[in-house]
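Read through the structures below before going on.
Here chain A shows up in two complexes: once beside chain B, once beside chain C.
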Partner chain A sequence: MSASFRRSAVAIAVAAVILALVPLVAGSFMLHVATIAFYYVILAASWNLLAGYTGQFSLAHHAFAAIGAYTSGLMGYHLGTSPWIGIPCGVVLAGLCGLVLGRLVLRMRAIYLAIATWAFAETFHIYLTADYKFTRGELGLSVKSLYGTTDPMPYYFTFLALTVVVLLGLRLLIDSPLGYFMRAIKDDELRARSLGIDTTKVKIAVFAVSSAIAGLAGGFYGHFIVLLSPQMIDFSEMAKIVVMVVIGGFGTFLGPIIGAAPVQVVMTYLQAYGEWNLAVFALIVIVLMRFSMEGLAALFTPLWRRVWKLP
Partner chain B sequence: MYSTELVVQTFISGIMIGVLYALMALGITFIYSIMRMINWAMGEFYMIGSYLQYMLVAWLLGPDLWWLAIVVSTAGVFVLGLLTQWSLLKPIFKKPPEARDDYATVVTLALLLMLRSLATGIAGPNQFTPGSNLPIVMVGPMPLAGARVAAFVFALVALAAFWAVLRYTWYGLALRAASQSRVGVQTAGIDVLRVDRVAFGIGVALAGLAGALLAPVFLVFPTNGLITTVKGFEIVVIGGLGSIPGALIAGVLLGLIESFGAAFVDSAYQNIYGFALVLLVLVLKPTGLFGERGREA
Partner chain C sequence: MAAALEAIGLRKRFGALQAANDVTLSVDAGEIRGLIGPNGAGKTTLVNLVTGVYRPDAGEVKLAGQSIGGLAMHEIARRGLVRSFQVTRLFGGLTVRENLLTAFYARRPSANDDGEAQAERMIRLTTLGPLADTQAKKLSGGQRALLQMGCGFMVPGSCYVLDEPFAGINPVIKEVILDMIVEMNREQGAAFLVVSHEMAIIRKLCPQVTVMMEGRVAAQGTLDEVARLPAVVAGYLGKALE
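Entry: the complex of A and B
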């Protein structure tokens, strides 16, 4: 347990306690929004592990969430299995797909990797729509809810717990030797290899781990929203994840956490404008990018240093 | 078994659609080779091209002047590309290059979301199709839809024009120089940001042209650029990023595979065959068939 892990753990614990008290004051709509925001925090944080820390700018992260959700959903639909069996299967399948895709894109430079992963995601999207006899395509696949109720309260706590566990796990990973290898690979892969790091193994492992986490989030998310559609793997979902991480701070631990939640909340309230909501949202992003490129996490760095009396 | 006639027809239609996909891929690879960034909103410029084509044909020029409409819509997308580079990308490219890739990605992703939802907001989720009264063309004994043949011929003319501009004009020289070295161009006294603007304009105009040409074939709706963009990116991966002959050859290859797959295997999965080819190329030759080998900007 490094000092850095302990500091983050304390901060996460404090935030979790505060968030656990939110249901006392919030209505069920707010809880619903917050639950979805947690889903995006997990996706953004695990994508950040892949893109921000290891430099593998994948654009297939939403596809892995969909793999998790659809695996569990289809098992429930065709075989009648319980979500508690389906979700672990989804996690394993998403991790395996990540392993294979990570292996395929291993030797590619940044831009190729982005294109190839994007093509993977879009192909999966097309498949889900085309094979509607099996996946129900645009008709929508209805799945069982996790707790047999649509009240968001239990899901809120489930997702809060998931988020805490995932974030702590990611922090542990980032502070471990593997985490240092990841950053070394991002900075200069050739140099990392010359220093004796097995870059192949590290890159594939990170791809598999982050995909499995996306599958986990997707699996629970599916049993929370109870209706799956190929919309889940629409490219705008990936664009949302990228935007969340970059607004928060690319390659920082805090970035995806403080980027994802506000973006999701803003987007929910922009829903009132119908089709225009994404236009307004994109305009906000473009203006933000135009004037500040640092990300929100940079604003918190001085505060964080003062709290822990860091140099 | 299958008749020769069917094989020949599949072959011709594969080449014809492949050249149009290649236009898209060329736009992507051209912008990349000059600006060293990927424009993720390529499909949205395609979409704008197809909407312009529809509006011009349906309201202003009529189906007989379709060729004029195509020229005007391509020019319109070109101007829009110039404006986009000037307002959104130029400020980024003035900054130091480390963060450039990430922010170019985010800005073009945001542009993608914005243009798509603007199209839905303004025109609604409806599908339009510009009328075409081109007659069916007989190639030997084979009948081919007039709109497709016209699109193919027009695409070939555009490719020839593109090549001539690159080869014989001063701007073409500057563009080729910038693709070799952005710093070198600046030492030669050329404003690289101005070259960027033209490059971005030409790149998105190629997408707009593809959109305008394919409007009668693939219909006009807010996300109609998606499938052609997927093809464009697949071609770029197959042919190698930054390679213009690679984009053309891979485009035709993809068109052929797709059309044979659709005719002889199963047409429902038409859009997936290309990805299988991508996987094959990635396994055998990760830099693409004609890709540069790990050369950094």
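Entry: the complex of A and C
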């Protein structure tokens, strides 16, 4: 275990303990909002792995969450399968779809990759809407709840635990040789190849892993909100993930963690203003991207250094 | 004993330009060979052909007697053919130490080897100690060249192809790079093909040189031998070396 992993693990553990005490003071609506915020932390962190660390600016991440959610949801709806079987199936399917999509967009540069992945997501969106006999389309797919209750408390703890596990896993990955290769590829792919890095393999692997994580988050999310609709792959969902990561700090480990919750909470309360909500955030993103890609995380860096007495 | 690196009849055309025209060249095991010639002679094209950046239209490349034609760039690198780029390429967002570690992990011979210790050693060797945790994009030109060279030496290669490692660098850093090459050559027996316009360094470093002009090998021999050839004087040096 590297020192960097240990430091992050301690910080995550402290945060988890504090968050585990939140239900003592928070009401059930707040817990509901917080649970959804955890869902977005996982999506943002896994998308950041792909876009922020490896430089593959995919716009299909929300679609992989939907693949996870719909796989488990449809299995339950049509076959009566338990969520505990459905969710792993969703993870595997999301990972496999990520593998294939990653292979297809391998040689594409930034904007072309963004467009191609967006097209993939839109195609899936249209399919879910059109094949309503199977997917229930806009009518919405009723999904069994995970714990047979709508009380958010058990879901809050489930998502808290999931988030902790995913973040620790991502930290391990980023500190491993594979993590170095990812950042190397983002900086200069030709140079990475000339050093002996199999960039093809790394890029596809990261695509598959980050998609599988999105599928995992989506699977649990579906059994929490209990009604799935193609709204899950609306572009605004993807935009939300991008906004969260950029505000928090693109390509930083802390970024998606501290970016997701505030954005989700503020957006929940701004819902009355409809799409204007997103426009406001788009403006914030443009300003932030102009001045600093490190977002809110940059504010925490000096504090982090002081706590651990780093140079 | 097979040559460390062999290029046999390499050809490469870019549109109307025949950048490499039947280039045959060999670097013996343990040799440091110079590659000189005017700008546009095809030196960098040759480097790109042997390291797998370009596929040759015709011809063959052998590394230690084995053909590496058709292998991907990263596979060639893992077989021990290491290159540096004329315009230094580094991972700007990574620190000096992380750049070295990335180079180490990329060609690491076995999972047990200690990259951190090797990185520490290389930081000393490159005199980049105070900058170890600085992002590579903040380095000066000379420091970038040093770091690029250090990355190449993180895992010993069997043959190094260095494209203008001394271009635009101050004399002190030139000496450091020179020492690194000589040490790697003596200790590990690594072969080198060094592209450079610095005749003083070539004379010191390379017993034998190859001259390229207009996509062809124009001459081979010691620097003083080739420097006497009228064609080399007229087409490259401009005047005889003193």
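Points worth noting:
Following the convention adopted for this analysis, the second predicted complex is superposed on the first by the 288 of 311 C-alpha atoms of A that agree within 3 Å, B and C clash if a C-alpha of one lies under 4 Å from a C-alpha of the other, contacts with A are read in each partner's own complex, and residues count from 1 in each chain.
Note that contacts are C-beta pairs under 8 Å (C-beta built on N, C-alpha and C of every residue); 3 or more make two chains touch, one makes a residue touch a chain.
For clarity, every value in this text was computed on a predicted model and none was experimentally measured.
By the touch criterion defined above, A:I18 lies against neither chain B nor chain C after alignment on the C-alpha atoms of chain A.
When chain B and chain C are set side by side, the one touching more residues of chain A is B.
By the document's definition of touching, of the two partners only chain B reaches A:L278; chain C does not. Once the two complexes are laid over each other on the shared chain, residue contacts for A:R107 go to chain B alone; chain C is not touched.
Residue contacts after overlaying the shared chain place A:V243 against chain B, while chain C stays out of touching range. Residue overlap on chain A between the chain B contacts of one complex and the chain C contacts of the other is empty. Interface residues of chain C, counted against chain A in their complex, comprise 51, 53, 72-74, 77-78, 83, 85, 89-94, 98, 101-103, 105-108, 133, 151. Listed in rising order, the residues of chain A touching chain B in the complex are 57, 104-112, 114-116, 118-120, 122-123, 126-127, 130-131, 235-236, 239, 242-243, 246, 250, 274-279, 281-283, 285-286, 289-290, 293. Listing the residues of chain B that touch chain A in their complex gives 32, 38, 40, 88, 91-92, 95, 99, 101-103, 105-107, 109-114, 116-118, 120-121, 226-227, 230, 233-234, 236-237, 241, 268-269, 271-272, 275, 278-279, 282-283, 286-288, 294. The touching residues of chain A, when paired with chain C in their complex, are 177, 180-181, 183-184, 186-188, 190-199, 251, 311.
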